[in-house]
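Chain naming follows the written order as A, B, C and D, and within any one chain the residues start at number 1.
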Amino acid sequence: MVPLVAVGSAPLDLAALTTAVLTGSVPADAAAAQGTGDGAIASFAGLVRDHNLGRRVRFLEYEAYEPLAIRAMERIVEEARAAWPSARIGLHHRTGRLEIGEASIIIVAASAHRGDAFAACRYAIERVKQIVPIWKREHFEGGDVWLEGAVADPDDTAARQKAYKIACA
Amino acid sequence: MVPLVAVGSAPLDLAALTTAVLTGSVPADAAAAQGTGDGAIASFAGLVRDHNLGRRVRFLEYEAYEPLAIRAMERIVEEARAAWPSARIGLHHRTGRLEIGEASIIIVAASAHRGDAFAACRYAIERVKQIVPIWKREHFEGGDVWLEGAVADPDDTAARQKAYKIACA
Amino acid sequence: MRVTVRFFARLRDLAGTGELVRDVAGPATVQTVWTSLVSEMPSLGEYEKAMSVAVNAEYARMAAPLREGDEVAFLPPVSGG
Amino acid sequence: MRVTVRFFARLRDLAGTGELVRDVAGPATVQTVWTSLVSEMPSLGEYEKAMSVAVNAEYARMAAPLREGDEVAFLPPVSGG
């Protein structure tokens, strides 16, 4: 079975993750949760762009602290379930060298209604950027640089509220 | 080539629509717009649920006034492009008999950044429900009924503003 | 002049057909055709306040003038998505 | 006691390695280890105000106590997605 949360170097597969979210990733869940009450799926994919901050990007390299990244992503799944009980999400993040146009992350949210699906999906990507220990090194024409965003702190309630507000706005 | 806007009875294909949005549906566009500046794809799929308003749904039947539906969907593509110039969307709606769990509509929005992609995607589904001449007949246990939502009026600026506010909130 | 009339969804059920042809005296508007249809099939009348209309597959108003060969469509509230 | 230290992304580049082992006198905290590492590799110091730490692959604070065999990770600001 495809897991709901994964970090690895294989290309990402949105259709497979969607099936996992709709049917439940654990075989025992599948009978109970056929996903037939789901009326909406919202998905997100992050792609490698060919430019950033005026630089021409050649490719990106993603590095993860995998066991902690998995835990942080599982935490995001639980946070989303608490905020939108009818929604279920799955997220996969890729590592290693990614070429222009390839997906670095995919997120799928399923729910009875579209409002919760969109909100849970948006919340998840905002939280990934806040607390998941993954880094990208940008290889551009002329050099390379590690990009740095948020200082990860899962207990920072202000950051969590910010993600929630963006998702629900 | 897969068109950006379509109405028909064939099962919907999110991967194919995504490729069309990323590469441009017209061959002449493909060279100009390789989609390599896109950093985000937001997608939506509407699925047939097994229940509605307390009724056990057996299946749905969608009917469209196809030429006007295509025009209304093309109008939505243009409205989204005007509101989020960096975003491009595609939408396909299915007609005929749909079983539980099947997708009735798919929408894909691509943009440089995720905010615009999410907003354009959400805007499109809200507008579909406002102005696209498509109807669903719900076949439930014990009968069937035509569902009716909005009185379609593309010139209703209040409705359009409402969709925009939901998308940007 | 002769116009084609199209009904969708529940309006189609009420009319008993999705398409019919009517001869109307010109000058006529969408309203002219609708009024004539309601007098013929009174059950359609409930949609007058909650209906959209189209002429030749473009949204139009009840006051829109019609020409020979036009297709006039009467649309209940939509429920796509 | 012996702990494993892990560095990621630019901290790994600055340290010149992703992993090293250090013996520290107990009782020790994450801060103890970090202070020792910065005295050894001063360039790491710039991250003190903008860094997360983890012990045994769980987020932790600088004041977290360490035990024999723990894995301590120093994490620059994240940039996934």
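By our rule, contacts are C-beta pairs under 8 Å (C-beta built on N, C-alpha and C of every residue); 3 or more make two chains touch, one makes a residue touch a chain.
In this text the structure is predicted, and so the values were computed from the model without any measurement.
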Interchain centroid distance [CA atoms averaged], subunit C/subunit D, Å: 74
Separation of subunit B from subunit D, taking each centre as the mean of its C-alpha atoms, in whole Å: 49
Cα-centroid distance, subunit B relative to subunit C, in whole angstrom: 26
Contacts with 2+ other chains: residues of subunit C: none
Multi-chain contact sites of subunit B, meaning residues that touch two or more partners: 46, 125
Pairwise touch network: line, ring, star, complete, or other: line
Each pair of chains that touches, named by its two labels: A-B, A-D, B-C
Residues on subunit B engaged by subunit A in the complex (per definition of touch): 14-15, 22, 34-51, 100-101, 112, 114, 117-118, 121-122, 125, 168-169
Residue numbers on subunit C that touch subunit B, as the complex places them: 6, 8-10, 12-13, 50-52, 54, 57-59, 73, 75-81
Residue ranges of subunit A touching subunit D (in the complex, touch as defined): 46, 62-65, 67-69, 71-72, 93, 104-105, 125, 128-137, 146-155
